[in-house]
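In what comes next, chain A is part of two complexes: it sits with chain B in the first one and with chain C in the second one.
Take a look at the complex of A and B:
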């Protein structure tokens, strides 16, 4: 028909689309300026600006202190060690999940992801129950690992196992095995075929996963806070101590800047590997590449991976549940419903309601902001500004949550942003951490929607609305739900910022767990375990639902 | 591309709904301005008998809301950070070790409580401005596990010097001076005893003698210390702990059945005197209510009630010290004390040096 006219109309729409995109990005930019950049800048300025001048000399002062250098060194090496250990343990797992078919695989896939969305406080308490004083290992063999670096490293592996399995395994499952087979046909040994065919295809995904693990462990807070004792502290923990306990705001500000720079560098490298990963690979449907394990070797590998998952991932969770039930008649759970004047002024069970409400609101905000940003970022020819914004959106993942929390307290207390006594502060802070997940989940899917499909629909006479409904919506809807699920889970577990801004009479679940753990006595400990178990179950249910929705293209997490 | 616009419309709409929902509930819950509610911000150890608090509410007509905001140090720091728009009207729980930080940062506004004249002279501070009101006092001392020392036929230590002796190697657990108020008190006690020049040497010896440092008092006393009832259950293996002179009475009061004597004792030569203050927060919304609450904290009724709730001693003359206190743990006779100005001048530097020396 009249192709020329369609062409013109399409082009016009594209230019209009460009303008609309700028409009789309305005809200996320405003959100980040008001609730991220401004509070962080405010707390840094509070520490480094005295008598109207910037005390930049403090940076050199702080860096020459031996205990601060000790913290920097520990932060780096434990992150490197955690990353190496996680890769070592999880890469075989990624292979098994990618290539083998076995009963219960989908369930197990969801189960190994549970730790990742668990609040760090719960991970910390689970490991305390496993390797701490009076923990399972202590009871059985008298082995205690708390206050050693091993407890921290193991908890980090536990926490990040899923990052590697999902990022690397997801791609591995879609690599066409016939390419490697072809290489072997042509005379390559098994090893060299793997080295020359599979490894190069896989390397960017491994690098991206390793960088994410490095980022998460480099900025680790809750885990180190609970398991580290006074000797071990990461930058993030040190920022917390300097601000909240020692009240040395200038040192805290310098550390915040250092962490900011380090995280920026990590994210830049990550963005680069992700872009490389988007280069064309011959991908096939994951369901055709997996098959039953064959031969003793493969069965042994599967058994090894399962044993690893059982020991490292399931055991801590099981111990947590067991400790929560370690009193007759669910006493710890029942205690949650009674008002005790000791720790809170409300029954701890109220924390569940608070948490769910906050998380729902945070999810709505994160999906709104992240969704808009993702739509704006979809264009492959997006400008440098927009691409830069992509990286900026990731920053809240790595910039000290503690800093954000304190920044909220001191920055958002005057009109027009007088939110200090409002409960909305908590969901806003949680949404900040949720947005990166939404963007990373939505972006690949939005980009994968082939513009030609829409054009074809238009050519066939579909109205734009109908084209959107029939083409985009089915693909985007799932991703949107998955994104919402992730945002919900991380909001539920957010601890670093929430711990400062949640009002003492409105604690969230992780805050309540941390406070209960800080109180003496079996009843408080048991209640902490019971609350952790409840939190874990909520997260696990959210994940199982996600696993049903998951599309193979969804997500870089 | 209108699809993206529609998508936008949907999400924007959703967002607006959310935001307006926030707005409405926010205006509904902004109750802290009501003059009939007075809000007390404190640390986790705040406690009062319900009947005593109810009496105050009935007599004054105010409803008291309490926000417990973490450990003593954290609560003070957070209060300072939020002083322009405080969470409440009165803050209770800044002690003499951190007092200068609160005063220098302008946390409190002047108010002299009605019964200030009844405060024992040794606890009065800031007499020209009256920014804080003393409320309670106590001694931070090393406690020992009586059973351990009987079993090992060893005399328990009595002084700071004793703690560095080989007989007590690997027996003491203390708290991080940077994060815990008894930990800081113990450090200040050693600084008072050995002076600015000598305390580092003392701690070197203490470190060589195997002192263990944990982050908080709860962990030290309830997990590491072998003498407390929870510590015994938790398998604590340190028979010496930095705690309070009132801890032995607490062991008896909370025990069921009650033992004839306390299972723990106090090394009376290792004590440091701690005094806790309350004050009217600068920018408090309900200053009248805050003043009434401060008055209440010095009344005889509250001062008599307080000791067995928070295990501290009253500062009001002729207030009753419960018989359990005198029976199970004598108050230290000559505790180390330090002039607030000296604490203010040295605290942060001492803590820093201590951290490098002992922890790293």
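Take a look at the complex of A and C:
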């Protein structure tokens, strides 16, 4: 009799599931409608609508301008070149981190991830300090790369090294080495076993990583803004230039639409490769597949990867710190506290306080919105609509920060949503960029919670909410912390959107760095290096804390 | 000998997974290595396969020392414990893999795959996805794949380990028949004595990296070499004893022992069939502590006073109830004196 009652209760719960799901998804949907869809619609209208009529010909007009065509061409080829170079440098690294065991591996794995969460302006400053005018290479050998495309490419490799190592290496470590052994027992040499067994298993992950890198470099803003000079400009930089220097909002809008379409296409391909990646592979616990390197070849490979990490990832950061200290008595740091530089209305040091406050608020919003969305997406009965929302959530990440900032600028400055003078605008934009990270981090962990545990709790008398709190939450608490940390780091370093909407008297750290770099003089340069160093330290500490919390299952980043 | 190991030693850290192992496998022989987990069985196979370098000793195949010969040039096959089928290839692609590595033409591959799938009882399955196969089918595909390049020695690591019992019992008969028909030389490892006895011409029992006993299934079953082997085979009626003449002094009283038994301190094994139940006033007095139904007989667990428990095998109808008092007598034919 009791059993029958439980069954009735369970059935009732299933029909209630739909309503609960709608409840969960309502807030994220409203958030995205107001702060993403609406601004994007405003951009489209601004670009293509004049005097009450739609003018699709505007796209063709803009595309025929030779300087725009030049920007498009450069954006594409530098993204392709950056992606190829990153794969070339990072794939051996992925192998080494996946299959070799060596002292300090865990620390090093955390260290190579630091660049990925570093603000783009810090990356730009670091490479400027390394290869720019008066940089380390200039001093030593008179080599300057900041007027060439190499500085941009190297900075992109620096930035995206971790994407490849994490995505490809993460899978590689979980591939069962006995698959290769099985091939060898059937007569395949070491190389052909790798080619016929491991490579096909890795290919979708390599493709996904390559697409991510392509996406990040295609929409690169801070790095190109700082290292590109007047010669090199990506679509993203051009949109910014059109908006804030030329004040041609409709051209900027058209460029944004073009970028939007390109990014949409890349994301669609990415989603497809991710789905392919989920095809049945034999995965094992990553901790059992790594061994000490054996033989000269493997030690040489390890040494090569370590040298690469040292030269490409650690050296720029070290030079950055060194440059920031390159004056007696921490002069650059002390200068940050005074107003007499004239760059801002406030001492640059205030930017730290602004950044931290904004980041905390943005993190709270991102975790709330992203967490709700992730929970809704996890439900087994999630329908088509909800799954479609999953893809939509990724859009702000790819659609580029500049689009978000530009959209906020033109859409949220008049009724019904007039937030122009509100400080909340900045955290909202940053949260929008942070939400995809939260969702991506939470989803795999939430999905990994065995539904039968929840069922066990249900038959023991726990309501769905209670079961979630008692079963799911303890298991995902770490993921939640990791997600919050990522959202925090992303907000802290966010530049592309913030630069549009941060008010002059309330700059964030990255905005302050960019402004200092834009001014001549030794002191401004030194202050930029000092602020970048502070920002880097904050981000690195946040990441290293996360790394301790991270479990193998926590997400894709 | 097709395969011989001479003093083969493998160490992991300080622990020897293989400790100076000598083992020979003759052509067309089916040898089964039996042992608990961690006894070094899998390491033995990996050493022969060339996947695990030796720290000392050597592996000789067909009279040739295999030191420095890489795994793919040894011409041995290995069926992995969990099959390790390639998930991104279909059944045919898996079976054809070894043929492809040996440079067979597409036509030869197709033909051979078809033959092999028929041989293992999966005709026409070439285009199926491996993920869609049942456990038993995966096992058959793994076997076909391992047989395809015609290895001179086929090695099986826990070949039936993950299958359910009835399937296991059926497949073991099929394997035995198949190997007999093809004349394959086989070296298998398992922790399941039933599987080993059913499959092998010769059983090798391993313990902590060493060989504890080697012999035909009948020899090992009838005369376990020591207490470890006896207990591993599932015999629990093992006690310390002092043998003099044709009698052994044990906690269960004086037991008769065979004529040629070693004299002095030793261990005595009484197989359950050798524990005969008699009325309570005769023989060793015991209480029935438990009984478990074994299909062909009932295992009766007896508690003598002040001595270890005894297990007796009883015909279905004669088994006493729990709590009954019975007497026990011992049958010399089922008693073995262990060193």
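Just a few scattered comments:
Here is the rule we go by: the second predicted complex is superposed on the first by the 518 of 557 C-alpha atoms of A that agree within 3 Å, B and C clash if a C-alpha of one lies under 4 Å from a C-alpha of the other, contacts with A are read in each partner's own complex, and residues count from 1 in each chain.
Assume a contact is a pair of C-beta atoms (placed from the backbone, for glycine too) under 8 Å apart; a residue touches a chain by one contact, two chains touch by 3 or more.
Since the model is a prediction, treat every value here as computed from it, not as a measurement.
Three-chain overlay on chain A, with chain B and chain C fitting side by side and no clash.
Of the two partner chains, neither chain B nor chain C is touched by A:296. Once the two complexes are overlaid on the shared chain, A:503 sits against chain B while remaining clear of chain C.
Of the two partner chains placed by the overlay, only chain C lies in contact with A:186; chain B stays clear of it. Ranking chain B and chain C by residues of chain A touched puts B first. Contact with chain C, but none with chain B, is seen for A:201 once the two complexes are overlaid on the shared chain. By the document's definition of touching, of the two partners only chain C reaches A:178; chain B does not. By the touch criterion defined above, A:365 lies against chain B but remains apart from chain C after alignment on the C-alpha atoms of chain A. Taking Cα centres throughout, chain A sits at the apex of an angle toward chain B and chain C that amounts to 170 degrees, reported as a multiple of 10. By the document's definition of touching, of the two partners only chain B reaches A:375; chain C does not.
No C-alpha atom of chain B lies closer than 31 Å to one of chain C in the superposed arrangement. Residues 176, 178-179, 181-190, 192-193, 196-197, 200-201, 279-282 of chain A are the ones that touch chain C when the two sit in their complex.
Contact residues of chain B toward chain A in the complex are 1-8, 11-12, 14-15, 18, 21-22, 25-26, 29-30, 32, 44, 47, 65-71, 73-74, 77-78, 80-82, 84-85, 87, 101, 176, 178-179, 213-216, 218, 221-223, 230, 233-235, 348, 351, 355-356, 359-360. Residues 13-14, 16-17, 20-21, 23-24, 27, 66-67, 70, 133-134, 138, 229-231, 241, 243-248, 341, 343-345, 361, 364-365, 367-368, 371-372, 375, 406, 409-410, 413-414, 418, 420-424, 454, 464-465, 467-468, 472, 476, 500, 503-505, 515, 518-522 of chain A are the ones touching chain B in the complex. Considering their complex, residues 49, 51, 70-72, 76-78, 80, 84, 86-88, 97-98, 101-102, 131, 145-146, 148-149 of chain C touch chain A.
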